[in-house]
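One chain, chain A, appears in both complexes that follow, with chain B as partner in the first and chain C in the second.
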Partner chain A sequence: MAKEKPAPYERGIWVVYLLFLALPVAFFLVFYVYPVIDTVLTSFQRWNGLSPRRVDVGWRNYLALFDDGRFWNSLLNNVRWLVFYLFVPNAVGLGLALLLDRMTKGQSFFKIIYFLPYTIPPVAVAAIWRWLYEPNAGLLTSTLSAVGLGALAPNWLGDPAISTYSVMGAALWWSVGFSFIVYYAGLKNLPQECIEAARIDGANAWQAFWKVTFPLLWPSTAIALGMSSVDAMRLFDIVWAMTGGGPAYSSDVLATQMYDVAFGRLNMGEASAIAVCLLVAAAIVVMPFIVFMSRRVARGVE
Partner chain B sequence: MSRHFSRAALAAVGALVALAVQPAAAQQASQIWTYWGSGAELAAIQSVIDLNNKAHADTPVEHVVIPGNTVELRRQLQTALLGGTPPAAYQSAMGYEIKTFVDAGQLRPIADVWNKVKGDEIFPTGLQRVMKVDGEPYAIPLNMHVISNIFYNKAIFEKYQITPPTTMAELAAVCEKLEAEKIGCLANGGGYFWSLYNFYAPLVSVVGVDGYFQIARGEMSFTDPKFKQALELYRDTYVKHYLANWSGKTWAQGGDDVFAGRAAMMQIGDWVSGYLKDLGFKPGEDYDYFPAPGVGKAVLIQVDAIATPNGSETSNAAADNFLTTAASPEAQGAFNLHKGSIAANLKTDPSIYDYIGQKTYATMQAAESDNAVLPNLFFLLPTELGSEFGAQIERFAIDPSDETLASVVEKLESVRVELVDQGAFVTW
Partner chain C sequence: MSSRLSHIAVRSPRYAAAAVIALLFVVPILVALNTSLKTPAEIVDVFALPSAPQLENYRIAWAQIGRSFLNSAAITIPGVMFSVAIGAVAAFPLAQMKGRANRVIYFILLTGMLVPYQIVQIPLFSLMRQLGLYNTIPGMWLVHAAYGVPICTFFMRNFFASVPRSLFEAALLDGCGPARYFFSVLLPASTSGLSALAIIQSRAIWNDLLFAMTLTNSQDARPVTVELSALTSSLQIQYGPLMAATLLSIVPVVVAYLLFQKAFVRGMLGGSSK
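So, the complex of A and B:
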């Protein structure tokens, strides 16, 4: 039998693919690649963001940055946020998901309660928690005072030693809903026969969880950890709205420092240098997640 | 079928691209941008907009709120200026902020408007200085907020028979007396500004008005013994007597402390007067103010002004009409009636002011006749140094140790030297 000529539809389909890809590729080049290149170039200039004049200053912005204690404090805070985001909301979210998984009644109600804070914009979360953290009459201090522990109530957002951790408290309330939903969905999709088999073999609750359930939850954990690492590096809104990076730069992260230097101090050159450093740090932290997800997608396609 | 599909795909892509590049410039021709988005401030600017649109119906303007504060407004402006779609006019700070925009070639000089409204006659001399760059006016001031007054809870003062102090030593003594009675003395708020504003009184009392302007011009080193003396005086009269946990509060929460009697006093801009009234206090009956000891006859002010970027002919015409309206006694009266500040145009009918406003107006008149209206130092310094100054003073107020003092001086001096090298300072 003679080989059939390919239908006109099959020949033309590549044109259609290219046309549909053209727009997202164009967007990617214009709104990602070009700004990154421009930011790198600006980081070698002195520019206030308003003037048509830019002055080349070589590595001066980077040298000034690396000599600035504020930059290293910001970077360290991003590392603190990374450790926090990787472990705390995910552990709490997993715990809530496990609790809810055991419940027979009221699951829908608690699902909403746990997830609802995540739907609130971070600036609104910051405004709420600014009031909760008011050091004299805020809810937290008032509650501690009511049970006789008022003396323990710190200056939540005003003490440089704890300001970052106070903002983390607000972030925990806000972001735990995401981890919870991811783990809850994961638990619902677990093969129950593995867990039952473990129980039959004499495993106690902890052993069943640690040796069977938790390893089976690896896909959910990977997503939760990956998104947490992204959140830790792009952190801005909640810190800026709650403390502005203060007091005295204590709660600064790289993004808030970058914003303040760019628009509060009109120093786009140094702000661009901070942006480049943040890009490099984020790439190092987030790349394992991107590689993992890419391989998963590739395996899924195969 | 593939030909139809390709055409459909092409058409879809083309439509999306066309939508994406639709110009936005025509929509922003006559917008006035401010960050006054709610309450009395929104009512204040809207009253000026309404007056303008009645008087200049052929060039109407609309108010657009840019949520946030100066930093957010700058960010939005920067994007608009780079994109060639600026508003007709916008809310500007004074002094160095105006100079930065002028040096960047982004502001339009308004000599015609200024001369038409007789700006040299109606605005205080000290204020004119910070609306002009190289003698050319670039903005019309709407108001003056006095930031060198200490507001106090009258009930507390009357209960403990305290009279408003007139010297730093008396202020410290009043604080000690109150604290002995377990009453907090001075409320404060966290952030770049409030501690710095409190610092101005000790600073002026040590270096004088001449020294104040030397610092503004970058001529006085922060390592000068007088600056250290000012920091120590600030520590001993203010910082020692701040209410506990002040750094974790906003300025409004500091105002709450005065209202609730947790603190007797607060040195903050006169916007706190409007806030205390909203809480239920009556000016003159429940609260009053006295000038911060140390400033002498001087009055320290900060200003909201309207500036206009280079734009289209339509936009420029609308902006010029709006600026003319904004300078008028009627508009300034309407604006400041809501805002609670003092009109920049000293010919505005003073009957709009409440008790606090009347008192401030009289003080302003006296200071103007002594040529002692001092603009906020934060806005006279190069932007980077002003912000660093505020951050370092807050840092010192949180931890007023000798080590912190030394480190504050070192940091400020390093920034000053770098900016002197760049020729960044202005001879105000």
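So, the complex of A and C:
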């Protein structure tokens, strides 16, 4: 493109643009860039968060962390959550979207209900499910007792072996609505001719789904998987309010452990080291999604 | 006739399944509602309906969380307005950019949206104390406006990008400056985008627990999520008042969702899919 003399109306336009960007950019620097740098620096210090005294300790915070079974358990739980979030809510959400897609009436009614839990605070989800999981009179134990299986009812949130999986049950109820709505919108945008053509060519419903519908739904799948990996990494609210990471740290994830070490024990150095590990883990897991999304934009698919 | 019958035969298992699943979705809320209307003695039998529904639990719950509920409203309403306003302002110049700059901006905004917010909590705690905004409601406005910048900019940038550029060029040729174009042409034409964003920001801010836990420590500013989290993790849980408090805390978001359902869904998809 040859350089042309700017038209009169373009003069000063950059000044206006810069004025528009000044406050947002300042916010980004103060609330994103500075805290991330400061967290990295603090992870090499000993500091209680309040006193002006910060002592450099080198890699000691990291070494203490890598020597601590609690840290590895938290990290393992994040991996469990990642696997769970990638497969379970997305598969259920896709199933629900397919269930509603062919309905002639009542779609919007069911849609409202399936999406409803996703709108409420995770803390409220935790409160409701703590009651459902209550080991003596809660709904799940009472239901098992009513059908004569009371002896099988575990202490849902109190047994370290299953506490994480119990929290996942509550998280499924809460988060499935998001995957559902992504797939529901994706199905609405599919070219119906492709699926009909496949059916006319003799494909049964199963084949038509796997060979035609599912591949065409790839944009929805990419979003559902991407958001799931984000949620698995920054998971905090529902675990914190339901179990506080317990019993005996069994349901801890990196975010809850970091919060406990920082604001419960005022060990800001070690907490910052956990935060840095969380950032690295999140970067590894989420970066493919971010790159994928910005490529899509670069190709002009919006 | 027979084709009609077979049509119904194919259709009804689908409806039956959809209805059973819908029931599974609402059972937790119905159980909470049922429990919240019972006396402590009746709570032990989870299946039984209350003999005489009573609002005592709601009275207790309001005494526990009423103040924080009002704090939540005082945080959420201005928080939404500030974050949407800043997002729109930032999005306007960015929507004009093309090519490589465009991609870099997308990358930064997405990273800001998707980073785990735990990473910033410790410096943020110190920063807000130094600013004198720790445990204040305006402090929460500032924080929600600042951490809303990536999602709001991202959302509005996508929205503005769909407005024809010829409109902008025509306005400039008519002697209307870019700032006036933004305020008197672009914003009024973008109400559907702004309202969808406002809805999802309302949900995000009302539901926030993490920032509020770090930055508030008393009745003066503590929102309902923090209060509810404390009640949920207390040693002696009273499930009647707890369920009443929980249901009270979800009323604003559920009402907003039911009233603005289309904008809500559009917002959720726009914030993630583009």
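Before moving on, here are some points about what is shown:
Definition applied: the second predicted complex is superposed on the first by the 294 of 302 C-alpha atoms of A that agree within 3 Å, B and C clash if a C-alpha of one lies under 4 Å from a C-alpha of the other, contacts with A are read in each partner's own complex, and residues count from 1 in each chain.
Operating definition for what follows: contacts are C-beta pairs under 8 Å (C-beta built on N, C-alpha and C of every residue); 3 or more make two chains touch, one makes a residue touch a chain.
What you are looking at is a predicted structure, and each value in this text was computed from that prediction instead of being measured.
Partners chain B and chain C, once the complexes are superposed on chain A, run into each other and clash.
In the superposition on chain A, contact of A:R130 is made with both chain B and chain C. Using the contact criterion defined above for the overlaid structures, shared-chain residue A:I120 touches chain C, although it does not reach chain B.
Applying the stated contact rule after C-alpha superposition, one finds that A:I181 touches chain C and leaves chain B untouched.
Touch criterion not met for A:I200: it reaches neither chain B nor chain C. Once the two complexes are laid over each other on the shared chain, residue contacts for A:P35 go to chain C alone; chain B is not touched.
With both complexes superposed, C is the one of chain B and chain C in contact with more chain A residues. By the touch criterion defined above, A:A151 lies against neither chain B nor chain C after alignment on the C-alpha atoms of chain A.
Once chain A of one complex is fitted onto chain A of the other, the partner contacts of A:A161 are absent, as it touches neither chain B nor chain C. By the document's definition of touching, of the two partners only chain C reaches A:I290; chain B does not. In the superposition on chain A, the residues of chain A touched by chain B in one structure and by chain C in the other are 9, 12-13, 16, 19-20, 23, 49, 130, 134, 136-137, 244, 259, 262-263.
Of all residues in chain A, those touching chain B in their complex are 8-9, 11-13, 15-16, 19-20, 22-23, 48-52, 130, 133-137, 155-160, 243-244, 246-249, 259-260, 262-267.
Interface residues of chain A, counted against chain C in their complex, comprise 9-10, 12-13, 16-21, 23-25, 27-28, 30-32, 34-36, 38-39, 42, 49, 96, 99-100, 102-104, 106, 110, 112-124, 126-132, 134, 136-139, 142, 146, 173, 178, 181-182, 185, 219, 223, 226-227, 230, 233-234, 236-237, 240-242, 244, 254-255, 258-259, 262-263, 268, 271-272, 275-276, 278-279, 282, 286, 289-290, 293-294, 297-298, 302. Note for the complex: chain C touches chain A at residues 11, 14-15, 17-18, 21-22, 25-29, 31-32, 35, 43-47, 86-87, 89-90, 92-94, 96, 102-103, 106-108, 110-112, 114-127, 143, 145-147, 149-150, 153, 158, 161-162, 172-173, 175, 177-179, 182, 203, 206-207, 209-210, 213-214, 225, 228-229, 231-233, 237, 239, 242-243, 245-246, 249-250, 253-254, 256-258, 261, 264-265, 268-269, 272-274. Taken together, the chain B residues at the contact with chain A in this complex read 1-3, 5-6, 9-10, 13, 16-17, 71-72, 74-75, 78, 81, 100-101, 103-106, 190-192, 244-250, 253, 256-257, 260, 262, 383-384, 387-388, 391, 394-395, 398-399.
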